[in-house]
Amino acid sequence: MKTNLNIKNRVAIVGAGLTLFRRRMLDTPKELAWGAVKMALESAGLDIKDVEAVVIGSAPDAFDGVHMKGEYLSDGSGGIGKPTMRVYVGGGTGVFTPIAGWWHVASGLFDVVIAVAEEKMSPAQPHPQYVFKHIWDPIIERPLGLNLIWIFAMEMHRYMYRYNIKKEDVALVSVKNKANALDHPAAQAAGKITVDDVLKSEILVWPVQRLDISPVSDGAAAIVMVSEKIARRLTDSPVWVEGVGWALDSTHWTNRDLSYPKYLEVAARMAYKMANIENPRKEIDVAEVYDPFDYKELHHMEGLMLARKGEAPILTKEGITQRDGDLPINPSGGLLGVGNPIAAAGLMKVAEIFWQLRYEAGKRQVKKPVYTGLAQAWGDLMQVGTVIIMRGG
Amino acid sequence: MSSEKIIRPNEVIQWFGDMEIGGYIYTVGEAGERFFKTLKDKGLLVASKCDKCGNKYIPPKTFCENCFSEIKEYVEIEPVGIVETYTILHVDKDNKPISPPIVVAFISFDNIKGGLIHKLKINTNELKIGIKVRAKLKPENERKGNINDIEYFEKI
Amino acid sequence: MFEAASRAYADAGIDDPRKTVDAFVTCEEDFWSGISIFDEFTPDQLGGVYKPVYTITSDGLIGLASAYMKIRTGLFDIVVVEAHSKASEIITLNDIINFAYDPIYNRPLNLNPYFLAGLEATKYLHKIGGSRYHLSLIVEKNKTNALKNPLASYASKITAEDVNKLKPIIEPLNPLDIAQPIDVSIVVVLARSDIAKKFTDRIVWIDGIGWATENPSIENRDWSNAAYARIAANMAYKLADIKNPAREFDMAIVDDKISYKELEHIEALRLTGGKNVLRLLEDGEFNIKGSLPVNPHGGELGVGWALEASGLVAVLEGVHQLRNEAVGRQISAKKIVIQSWRGIPTTTGAVAVLTIDN
Amino acid sequence: MTKEIKLYGHGLKEDDLKRVILIEDKPSAKYSWSAGTAMSRFLLELKEGRIIGRKCNKCGRILIPPRMYCEVCFRPTDEWIYVRDIGRITTAVVSYISADRARLEKPEVVGVIEFEDAPGSGIFHRLNIKPEDVINRSAFGMKVKAVWKPKEQRNGSITDIEYFEPVKE
């Protein structure tokens, strides 16, 4: 990766908003987007007329049930009469949306940009899972009746086999995140559960059980991104976007080693280089890593080099990733606890780091002092990593 | 900069498939609930009204396009409007000929932003921009709470 | 896609894209491809494995705008933009277009999705005082221009009189008013100015670019102005320091997915200089030999509708013209404007100003 | 942003669906994809009971499924190479649910098989092995061979292979 460090313009996040995350919502997708954008603008002290451009993130059109979903969402997103574009990297979209927001501002073309992510999965019948039938290669994979949980189970099992990880060690992630979510106002799947509850939950595709998985959800999230001069005018506590990175692996997932997310390492190295981070384990104070399944939190910690290969379960067991630990991971409650409206869930993570770095997370505020935070998402065919690094003022 | 015109060689296999699921069920939001329940029960249209900038919208919106405020106020109106523009369709969705052709219009309502797209039952030589039309609703017991509770608009 | 990418890299003087290119953009919608999450299938064919690759679910010119922004940040030097159409693989094209309409207020009417074009065309012709014959003139011009373009699939020697005789399908439109789909793959290599000079001496510059969405709700949009094109043009003109668009461009490529749109877009781009757009059309000013040639390559009516690659088809023609490679249709051009629109039912489009050094 | 803040949105319970307005649609989205040169040959060879890959002479990999270009070297691949239908399991799982999330009576085992003759190249398929061997992880690294459908039943599809099953080392 040849990354040019001549970044001309700094970019700050000055506001964030969320809707509730729920299994199904009455509100239309554009109304959900509006709810999140409205809250983000109010928290930034800005009006819709101040917004110069809009970036929309949303995962497959086949959930909301509208072709050209970016068009459909543009009014609720605040994009009427403005430069508006939708970006898309599958499940990684939630963290990619603010990366696109970053380049809108860092290009010098815009001073105030909204990044909004929305997903309404509930319209898809008879179950949103059906949409995943269509993410496979139509010729060589779909005829085998491939199921989304299968592919993740295959990755999970390869990872567990490679580093000799026990199921109960993975389950700790689910226990932690669902408990963390008890303090989150948007949460859909918070709860006090035990490792035993996870191990006794319905076996879907061994080694995946029901409580290893995040729910399907409707919801939206938004942030306001501004140039340095606007940030200084608006707030004493802007949160700076200091590093962005993303990378895609080959489409051919059966030609990869599934035990390690190398694409995420590539993405993370890009972001760390830009943020001048040499030792992520020491320099990242708090992280929101993508956890649609409990093992993914561990897998991603390793890809982000926050833990050595095979070490993430040990850190988890030692309590280091708890809110009062030395490396708090997913203090929001993550996708496992707050819910998983795909793109919105990724942007929710960015919003959480924003609140953590401003010490505005209330009961979710991590114990240690925080200066540098990271949010990450993952998607496509287990092939894309998206990373954003933020610093407090 | 380069382009490639794709010509498919004969030895390449065609593979048929779809990107369908069991279907979709859409909820209509708070404003949609007001609109369709009023249409069904009273045969009236509902506009939402922004109390900050005064804009009224049909279809009703829960947020104002102009000032982005939340909208909670609704007003009911008679289903009478003006034809803003029209077209005559001689083909159906699959481009198959239809006879008689269908007239479709965009109808606006007095002092309200937006309007409705719907079918128009009219003698085509009377068809022009600016004519006044009224909605012809299905009988009350056949209404289901969707846009087809209006059968068509007709000239008054 | 691999073929188009390889040739684009060769054309740009890039020997090893795996080393040289910093990021890759693809422009596509899932329902055009029949794959939920099309982004999965992009990196391999472009040379983008383990690189920053992403999809813009929009027209190629908007993808180009995203690449332009990325280079301006200073983070990237060389970004590749790809867009394609495999429309021939879509069996139920009209159903998919229909699926872009609002599911609550529009879709249950179960109409041919081009009803919106019929409504807009009626309103627009009413506003400017135009007639069916004006639409036929546009069809004649573009299909005839396309005869000289090897990429064109719908070229013909048809006259406006013949077009006028066709039976309407969606009044006032007849089948020749609507661009028909083609398959194509286009790859553009974009580089920061100082870097570009190391690779080639035939650089085409993006002096300005802009994009905009007007209003997705069809009930709340402007029915007789292409507001999205006007907003996008204002942005692009500001960046390119264009003060008098009617006089500064040697030619224009505007979106003509439906015949009336060509006129609407010419007006939105402020290319008429206060003159009546119908008179300019009647007088042949938009012909290849006219004062402002518009769509000398045949537009989409002549070349075909390339789905999200439409904007890059326009860029391609712009590059050919500026580099003096538009055999048979060459216009002496140093500065041109190109514009794209995503088609019904959208109000999204982009505008770019392209130039070449003397 | 604390727990006390009121967020926008109106959640619906299953029961609420009876009282709210619902609009239904089932779009038609049908395609005829072109399999491409490499995949077409692969499918035709499956019909003959053979597995074929494309070799990149620069990095030396044999790509399965085959591609006409090497994504690592970004150059055209050079030659067609048949590989034996024998490989090793790199990962395997036991599915108790169908693709439609219905409970299966008999659990299914699926996994990725890396071909012995083409290191790094694997395909996804069904496995005829015992679920216990997956759960106790002895399936990892196991040597397996394709079991083909009878020739007359093959139609040039990945399902021409019924499954892979263990072979003696």
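Each chain gets a letter, A, B, C and D, in the order it is written, and its residues are counted from 1.
To be clear about the criterion, a residue touches a chain if its C-beta (ideal position, glycine included) is under 8 Å from a C-beta of that chain, and two chains touch if they have at least 3 such contacts.
Worth saying up front: this structure is predicted, and the values here are computed from it rather than measured.
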Selected pair, greater C-beta contact count between A-B and B-C: B-C
Maximum centroid distance from chain D, chain identifier (CA atoms): B
Gap in Å, rounded to a whole number, between the CA centres of chain C and chain B: 28
Interchain centroid distance [CA atoms averaged], chain C/chain D, Å: 38
CA centroid of chain A to CA centroid of chain C, Å: 34
Overlap residues in chain D, where contacts from two or more other chains coincide: 10, 12, 20, 23, 25, 27-35, 39, 43, 71
Per-residue multi-chain contacts in chain A, two or more chains: 24-28, 34, 38, 62, 65, 67, 75, 80, 130-131, 133-134, 138-139, 250, 252
Interface hub residues of chain B, defined as touching at least two other chains: 8, 15-19, 22-28, 30, 32-33, 65, 146
Complex interface listing, chain D residues touching chain B: 10, 12, 20-37, 39-40, 43-44, 156
Contact footprint of chain A on chain B as seen in their complex: 15, 17, 19, 21-30, 32-33, 62-63, 65, 67-68, 70
Chain A to chain C touching residues, read off their complex: 1-9, 28, 30, 59-62, 65-75, 79-90, 96, 100, 102-104, 106-109, 131-132, 134-135, 137-138, 244-252, 262-263, 266-267, 270, 274, 379-381, 383-384
Of chain B, residues touching chain C in the complex: 1-6, 8, 16-19, 24, 26, 28, 32, 57-59, 65, 84-95, 102, 104-106, 113-119, 129, 146-148
Of all residues in chain C, those that touch chain B in their complex: 1, 3-5, 7-8, 10-12, 30-31, 34-36, 86, 88, 91, 94-95, 98, 103-106, 108-113, 115, 118-123, 126, 151, 167-172, 183-189, 204, 215, 217-220, 223, 312-313, 315-316, 319
